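In this document, chain identifiers A, B, C, D, E, F, G, H, I and J correspond to the written order of the chains, with residue numbering beginning at 1 in each.
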Amino acid sequence: MLFHVTMDVDIPRDLDPAERADTVAREKAYSQDLQRQGKWPHIWRVVGQYSNVSIFDVESADEMHEILWALPLFPFMTVQVTPLCRHPSAI
Amino acid sequence: MLFHVTMDVDIPRDLDPAERADTVAREKAYSQDLQRQGKWPHIWRVVGQYSNVSIFDVESADEMHEILWALPLFPFMTVQVTPLCRHPSAI
Amino acid sequence: MLFHVTMDVDIPRDLDPAERADTVAREKAYSQDLQRQGKWPHIWRVVGQYSNVSIFDVESADEMHEILWALPLFPFMTVQVTPLCRHPSAI
Amino acid sequence: MLFHVTMDVDIPRDLDPAERADTVAREKAYSQDLQRQGKWPHIWRVVGQYSNVSIFDVESADEMHEILWALPLFPFMTVQVTPLCRHPSAI
Amino acid sequence: MLFHVTMDVDIPRDLDPAERADTVAREKAYSQDLQRQGKWPHIWRVVGQYSNVSIFDVESADEMHEILWALPLFPFMTVQVTPLCRHPSAI
Amino acid sequence: MLFHVTMDVDIPRDLDPAERADTVAREKAYSQDLQRQGKWPHIWRVVGQYSNVSIFDVESADEMHEILWALPLFPFMTVQVTPLCRHPSAI
Amino acid sequence: MLFHVTMDVDIPRDLDPAERADTVAREKAYSQDLQRQGKWPHIWRVVGQYSNVSIFDVESADEMHEILWALPLFPFMTVQVTPLCRHPSAI
Amino acid sequence: MLFHVTMDVDIPRDLDPAERADTVAREKAYSQDLQRQGKWPHIWRVVGQYSNVSIFDVESADEMHEILWALPLFPFMTVQVTPLCRHPSAI
Amino acid sequence: MLFHVTMDVDIPRDLDPAERADTVAREKAYSQDLQRQGKWPHIWRVVGQYSNVSIFDVESADEMHEILWALPLFPFMTVQVTPLCRHPSAI
Amino acid sequence: MLFHVTMDVDIPRDLDPAERADTVAREKAYSQDLQRQGKWPHIWRVVGQYSNVSIFDVESADEMHEILWALPLFPFMTVQVTPLCRHPSAI
């Protein structure tokens, strides 16, 4: 099943720079692993924002929650989740 | 260039049923033609809403506007347009 | 899978009274049929509102959309859909 | 009487980790005790959020307030309370 | 139990004047009957608005809903309901 | 003259516990004194919130402001003030 | 006592032109009469809006309500009322 | 002096088509005349909206209001006006 | 030209008390100087808020900006600026 | 292609004054360099705000994002980006 997810990132200024760099690197690796598995088929940057728009293709709502909850940047994100389905005009 | 577009449709109750059916049919044909051209690569239905989330891949902002303005259902839509760019974590 | 759905109803004043009564009756029958099937396990009235809060238990996001789209009162409703999953503290 | 309650949790980053773990553990025990008593019949996680949707079945508005006020995580929660009643279509 | 209720009234311009006058008169009688019963102990006009702020003292959430649902002006009102309880500083 | 006032309290976590306890105690005494004088005839707790809904009966807008400004918890409150007048249906 | 009032006017398109002209003329006369009495000491147009910002100086909240309720354009206005008092820096 | 103005247009569906076409034509002529006079130096279309973003360079706030009030489409517009001044980083 | 300005003040709790007192005193002197010059003809306190509503009468938008930017409390204010013009009903 | 961008700046009070001054100076130089290149053709100050309204003329959405992301004050800004196109009434 498909979910549309937006993630707005706001890393606190006082986060230790090494922890920040490590968290961002782990986020990237985590995302790319899920992209390779086909669970995170699309991720786009929103112009001018520290935000992305993503599409997830997962087995269940529980799996969707577990993936998001485990994002290394999750504590610093505002997340919006919208369930999608097939559009009758899609070819 | 890529745009993320949401379209919320609200067709007036008093629209003539034949005109309604014709407009919806023309909307579908118009969308599918643009999908086949590769300009409208994704369209999803939002669960429980008369709304879609779409991704467009067009030459310019002017082309994006012309495509949306010409949607048969445009007069009955609330449209939100967000410019996208490549995400640094995208594979 | 579980969805939390709120439905706010606003039937236009100028709807023919017989059509109104028929639509409300069909809505009730439709809801009760889904309740009996176990797909709509909870429905509550919000105090002081022509609104309900409901829980649905369906096979997929597509089924959720089809159920909502087919509600007799759907054209007169504002619907909000929130996907749910198991809470770690639930017994 | 029934209340629909949403709880959005936002634990401050600088809370002592031991205090955080203890508070979360006490919250879970407190919730499960009320679930076993039948006062908190439903709790669901909202997908992608540190939030829950809950249904409470209590004797009075005062009891509802006392239960929420005593939640170990209450100081870190945004709470919304909606009174419910029987829906005329409920079977 | 106590509820705080706000009612914002917006009577459509095209309502028949006799029906309007009759509905407003029935609203007044209905309110005064409930005030005399002690179920609607307070009603105030909000300055500059066709709105009131009211306090209700009823047996249950179901009774609260039935009272509001039966207001002659209910179809033309936006209603907000907030459950109240005793304040620890109240004398 | 009558004012409807809502007060939402948010005491900072890092306030010294003794100062917190003292401020809350002074708030209670201040409120009860005004209740006894008849200037603060109603105060209710909002269920599930660190908030109250109050009715004040004062000589003037200036007196209303002075009373609120002097609340011991004022620096930690979000306050909303609505002027009331007699409702034509009040008995 | 002083009130700050904003009035946003939205006259329906289908109002009879003679009734519209008459209502606007009565509004002007009504306003100017209150200005001459000193009860409506300031009225300004908001640039680019069919709106005004006004200051009223009245005896009571009841008088403020009666003045606004009797505005010929009141049925077509959205009104916001804010009570004012003396500012400690005012000379 | 400079003003930033956004105009969102919503022409009612039931406007007579000839009146609609005439109003739109007069709006265009009116705008182009002001552009030629240098009073309306910039006008852009917002992608996907029946809206524009404009910059005006006028003598006074009164002139700004008169220009907007006289727009042929003014009755069908939502207008936002923001006063601008020189930016210290502008070259 | 006239501007309507609202200023909501929120001085951080951790500001040094002497700096706080000095800033508030400088704000008062600054305001009274501009009032005496006729540039700040009205300032009112909003009941129950650390806010004012003010009217400014200045030469230009640039002067308006410079006056606001130089307010001693400006870093702790949320400011809203609305340009005003003569109302056709003003006497 | 053209973008309309608003930037609201909120520099934390506890930023080191030298770092603050340096960041603001680098922001100014960065902006003026892009203005000279023709990529940032307009920047205006919003009256009474630490905000600007800007127009950018860039090659692509990716270039727009890179320019904004590299603003020295970007971490302290709230940015809104709106794609523009040619208006049919523009001369």
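Going forward, a contact is a pair of C-beta atoms (placed from the backbone, for glycine too) under 8 Å apart; a residue touches a chain by one contact, two chains touch by 3 or more.
The structure presented is a predicted model; accordingly, all values stated were derived computationally and were not measured.
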Chains in contact with subunit D and with subunit G: which ones? E, F
Target subunit G, source subunit A, minimum contact steps: 3
Could you grab the centroid distance between subunit H and subunit I? Build each centroid from C-alpha atoms only and quote it in angstrom. 30
Roughly how many whole angstrom separate the Cα centroids of subunit B and subunit E? 44
For the pair subunit E and subunit F, the C-alpha centroid-to-centroid distance in angstrom is 24
So subunit I residues touching two or more other chains come to 2-3, 45, 47, 61, 64-65, 81, 83-86
Chains touch in the following pairs A-B, A-C, A-D, A-J, B-C, B-H, B-J, C-D, C-E, D-E, D-F, E-F, E-G, F-G, F-I, G-H, G-I, H-I, H-J, I-J
Within their complex, state which residues of subunit F touch subunit E. 2, 4, 27-28, 31-32, 35-36, 42-47, 52-53, 55, 82-91
Footprint of subunit A on subunit C - complex, ascending: 1-3, 60-62, 64-65, 81, 83-86
Please output the residues of subunit B touching subunit H within their complex, sorted ascending. 3, 5, 12, 61, 64-65, 68-69, 75, 79-81
Where on subunit G does subunit H make contact in their complex? 13, 45, 47-49
